[in-house]
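Note that subunit A is present in both complexes that follow, paired respectively with subunit B and with subunit C.
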Partner chain A sequence: MKKTILRAVTLALLLLLALLTISPLLFLASGSLTGGGELSKSLGPILYGGDDYAGWKLLPLYPTLRHFVEVLLDSPEFFQMFWNTVKLTAGVLAGQILFATTSAWGLARYRFPGRRQVYLLYIILMMMPFQVTMLSQYLVLDRLGLYDSLWAVIWPGAFSTFSVFLMFRFFEGIPESILEAARIDGAGEFAIFLRLGLPLGAPGILSALVLQFLEMWSMIEQPVTFLKTKSLWPLSLYLPEIGLEQAGLALCASCLAVLPALLVFGIGQEYLEQGIMAAAVKE
Partner chain B sequence: MNEMEIGKKRKRRLLYGLALLLAFMLLFTLIARAASAFTTTRVIMDVPMARRIEHIVSASGVTEKNRELAVLAQENLLVETVYVSQGESVAAGTLLAQLSMDSIEEQIRGQEEELALLRLQLASAQENENQAAQERKKALSRATEDYERICREQEEAVEAARSRCQAAEDALARYRQELEAGGAVPEVGGEGEPPAGGGSAGPEGEPSAGGSGADPGEKQAQLDRLKEDLGQAQAALEAARQSQSDACRSAARSLEDARQQAATDYSARITELSITQKERELAELMQVKEAGGQVLSPVDGVITQIYLAVGQKTTDTAAFTMADLTSGLRYVAKIGKEDAAYVEVGDEVTLKAAGKEIPGLTVFSLEETDEDTVQVTVLVPQGEISMGEYAQMEVVKRSGEYDTTIPLSAIHTENGKKYVYVAEEEETVLGTQLTARKVEVEIVEQNDRYGAVAQGMIGADTPVIVSSDSYLKAGDTIRLQQE
Partner chain C sequence: MKRSNRKRALWGWLFVLPGFTGVLVFYLVPFLDVVRRSFLNAMGGGFVGVSNYRSVLENEAFRLAARNTLRFALVCLPLLLLLSLVLAVLLQSLLTLPARQHPGILKAARLVKSAYLVPLAVPAASIVLLWRLVFDARGLLNGWIHSLGGEGADWMHTGAAFGVLVFSYLWKNTGYDVVLWLAGLSAVPQELYEAARVDGANRVMCFFKITLPCIRPMAVTIIIISFLNSFKVFREAYLVAGNYPQDNIYLLQHLFNNWFRELSMDKMAAGAVLLSMCILALVLLLEKSWNGAGRE
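The block that comes next holds the complex of A and B.
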């Protein structure tokens, strides 16, 4: 009996915490269905100033799909930025599949002089925030003629050190005996990487890709720094572009923007957990 | 195992969901683009050009006669036939009317008789005039003669009186000398007493003042007599002179009267003039007779009025009036005062009528007809256009060249200020897009198609928006309308 009550209390507490956690999403969903007038009244103190506090209703008084219609039918800018985000994210992920997997495999499975130093360098670079490397990245990209193009965001993302670090942990966990057996059976190094390394390290690769997807989908600093042309901007810069006066439109756009991230999260949730766990435990 | 299957199924569903979401976003991308393309204001643009502003003033008008002339027929003749009607075009020499030959003959006879009568009157008048002239001559001769005679006689009478007066003066003077020589005598008229014992008659038997026998009383009496004689002689001279003046004046007046009678009778001259007039009328009638009584058109023209009536007699006014086409036509049109500001006398005009164009004409006159309109008159040479024909006139006035001219449809007015929308490229999320920017301009000159913008207000290469398919405001995204 006592155990049951404890479980119920725990569940209630967890539900409350879960509710608090997802409350932004709930506000987002309800706000996107709220009319302009009602939103102005609720957000008036934020938008126009004043002594009152902003209020929020979970359920709108007069629900409307007007903002969705406005975003879907009357905002080609939203879609332009959406597809820019897709391009950037896809480019970065493709780059990481190509470069991060091979780098991580090399570091994890081969012994060569300076291996630890290289790995240490990766760790150091991973620890650096973007603001530290921003200027050097800008100078390099400008010299390469990539500034103000999607490549200016894709290339640095494709060589992200975090993915290498995450994949390294998974590749390192593959037993050497399996690889030796393959070698004895006559498999080449590339075949071993392709046939054994990638399938066995798939959870790590996928978790790295999911994490990178979530990061890339909402990145702000890199596009703001390296993309001057507005038509190249990703969706993360859409909200600053439309302004607070169009709060309904902004909330609705946010609702739509979060959907791919939620879906990808759902798809890669399992790998994401494994990845986070691997990084945490090993480290 | 079961959990794995469920997990796989869930992942597959989420993957499908992601694919579906991407497909959904793709679909709405197209729809939003299409909607944006549909709702974006479509405009037609034009780049400012350097050109002259042409003011084309056109109006509709009609051709009229330029000069009208009268066709005359001999007065008082019977009209037999009228061959033309009002508004009819006739060539020079065209038979307009036929007059009765009998009527002409009768007129000639009447004129001849009147002429004969006048000639007789002239002869009679001339004879009378001769007689009168002779009489006047005679009267003048007599008056002259009388005048000369009277003047001469009067002159002689005056001369005689003057002689007598001179003699009396001489006698008085001699007597006084004698008295002075013989003794004092009293002065005549208070000059002192004459000297005693003085005075005697003169050598011509006149009383001598120094006579030894004469006493002072006699001497004084003698002196008084002499003085009286002198006074009488002087009075007689004065009377003679007065008489001469009166007589001569009277004679001169008579002579003057005789001379004045000369130019009083003009009857012969008048008759002569009447004869000349009759002869001229007769000659005209003879000409009409020789022409067979026909009234012909003197020039190419159009009959504007007929004053003859068949069966009636001709009058002393015109038989016909007609527009003289040899002097060309007048084209008359009315234009508004605003247009008239661009038209001046001497400007080149082109007339368009019935598919024909007549260039190179000039504005002959401009006349204000009322508050709002001005009448333009253009002289049209003969043969170019028919009288009464409607035509369109066009006067083209070109200004100096302006660097920046734009179509008039690009110019808007707000609160009395003129402005245009220029298209500017703007970097947006959707790429480089055109937006409308409002630019205030000053229009220096304009016609019905273009306006000249003051220097430097808009760039020579800046496209201006000429028209849009919806209401345009500053900052609107626009796109070029596809032809």
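The block that comes next holds the complex of A and C.
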């Protein structure tokens, strides 16, 4: 009996905190469905000052999809920025599929001179915050004539060492006997990578891609530094530009920006968790 | 045999080479160039010794930003670690229940874990508007506080901005750390608990005598990863408050951005090298803790 009560209390507490955690999304969703008049009335104190405080109704009196229509049909810049985000994310992920998988495979499955040093270098680079690499990236991008183009964000991202490290952790766990058996059957090294390495290491590759997708989808520092032309900006720079006077529009655009990330999160949550753990726990 | 070994080594390098070339071009070589520049004059490029470093270390803005970044980590890390550990222990106690007898509780517990992870998927840019509405002087939070009879604050334009940033960091990272603690907790051998219970130990004793010592190696890793993640809180700070935020949340990344706009390459170079040294020390510490854990 005492145990049952204890369990119920624990669960209630955890659920309450879970609700608090996702509440910003609930606010976002309800706000995006609220009509313009109702919204400016409840947000009036923030916009025009006064002695009152802003209020918020979780369930709008007159729910409407008008703002969504406005974003989707009447804001060409939203599409432009959405498309930019897609291009940046797709470019980086494609680069990692090419470069990170091969690098990780080479480091995990072969012994060669310099291997340990390369591995350590990758770990060090992976931990460096953007402040450290900002100037060096700028210098090389400027020299290559890539500054202020989408490539300025894509190329450095494609060689991000974090993904190499994550995939390495998973490739490392494949039993050598399987690869040996394939070698005895006469398979070439590259065929082994394609036919055995990629499928067996798929959870690791997916973990890295899910984490990288979420990272790219919300990236701020790189585009702010390397993209001067506004028409190249990703969504993450465009959203804060919308003023509070257009709160309805901004809330809808924010909602639409979260959706793809939530979708990837929903599908890839298992891989996300595996990725978080693999990056921290050494087996 | 010898020949096949050599061939294998060659294959290793072949696999690593394409990616490694990119790392050299975009990260390593330009960073070495930055190290070189940190000893040069910004304009003509004459050798100036450590004077760039001196001017960075004496720079008021650098001191403020470094102090804030460090203070942020010192306030956030204990909070985050404690909060996520408590949540992980509670979750673990539900997740380890026998599935057959408590299918409902188990399902709810998994759902809770997912909910804690959701903020990882929410781009900072999407919540920035909401943060502005909540933390405005006439905003929602003050409205709630007021209706409860309390006195609000001008959250974004006073020292309280620091608190907003701490909240954002906790909101974003708690789920990440809960997953890590859960991994650590599930690695504790169950027999230890059974043996202790036979000897008459209660839950609290079990926690302090068995659980804590067992997850200590994990703690080092979590601390370092959480510290490195704390650099990313700049996103929220930047989006909510722009380039020149309230003094308490002026972080290193703000400073670097401002130097970048002013083209103070010399200061940026010296600052980057200084920061990289600190991070390098941490990474080597992490490496050591990993290797230590492997030996146990």
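Here is the rule we use: the second predicted complex is superposed on the first by the 260 of 283 C-alpha atoms of A that agree within 3 Å, B and C clash if a C-alpha of one lies under 4 Å from a C-alpha of the other, contacts with A are read in each partner's own complex, and residues count from 1 in each chain.
Note that in this section contacts are C-beta pairs under 8 Å (C-beta built on N, C-alpha and C of every residue); 3 or more make two chains touch, one makes a residue touch a chain.
As the structure is a computational prediction, the values presented were derived from the model and not from experiment.
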{"item": "Room on subunit A for both subunit B and subunit C (clash or fit)", "value": "fit"}
{"item": "Which superposed partner A:S231 touches (first subunit B, second subunit C, both, neither)", "value": "first"}
{"item": "Contacts of A:L98 with subunit B and subunit C, given as first, second, both or neither", "value": "second"}
{"item": "Comparing the two partners subunit B and subunit C, which touches a greater set of residues in subunit A", "value": "C"}
{"item": "Partner chain in contact with A:V264 - subunit B first, subunit C second, else both or neither", "value": "both"}
{"item": "Touched partner set for A:S75, first subunit B, second subunit C, both or neither", "value": "first"}
{"item": "Closest Cα approach, subunit C to subunit B, once both complexes are overlaid on chain A (Å)", "value": "13"}
{"item": "Common interface positions of subunit A, toward subunit B and toward subunit C", "value": "238, 264"}
{"item": "Residue ranges of subunit A in contact with subunit B within the complex", "value": "72-83, 86, 229-231, 233, 238, 241, 259-260, 263-264, 266-267, 270"}
{"item": "Of subunit C, residues touching subunit A in the complex", "value": "8-20, 22-23, 25-31, 33-34, 87, 90-91, 93-94, 97, 105, 108-109, 111-112, 114-130, 132-133, 136, 138-140, 142-143, 146, 171, 174-176, 179-180, 183-184, 218, 221-222, 225, 228, 231-232, 234-235, 238-239, 252-253, 256-257, 260, 265, 268-269, 271-272, 275-276, 279-280, 282-283, 286-287, 290, 293-294"}
{"item": "Subunit B residues touching subunit A - in the complex, by the definition given at the top", "value": "7, 10-11, 14-15, 17-18, 21-22, 25, 28-29, 31-33, 35-36, 39, 427-432"}
{"item": "Residues on subunit A engaged by subunit C in the complex (per definition of touch)", "value": "7, 10-11, 13-15, 17-19, 21-22, 24-25, 27-28, 31, 43, 45-46, 49-50, 52-56, 98-100, 102-103, 105-107, 109-115, 118, 120-125, 127-140, 155-156, 158-159, 161, 164, 189, 193, 214, 217-218, 220-221, 224-225, 235-240, 242, 244, 247, 250-251, 254-255, 257-258, 261-262, 264-265, 269, 272-273, 276-277, 279-282"}
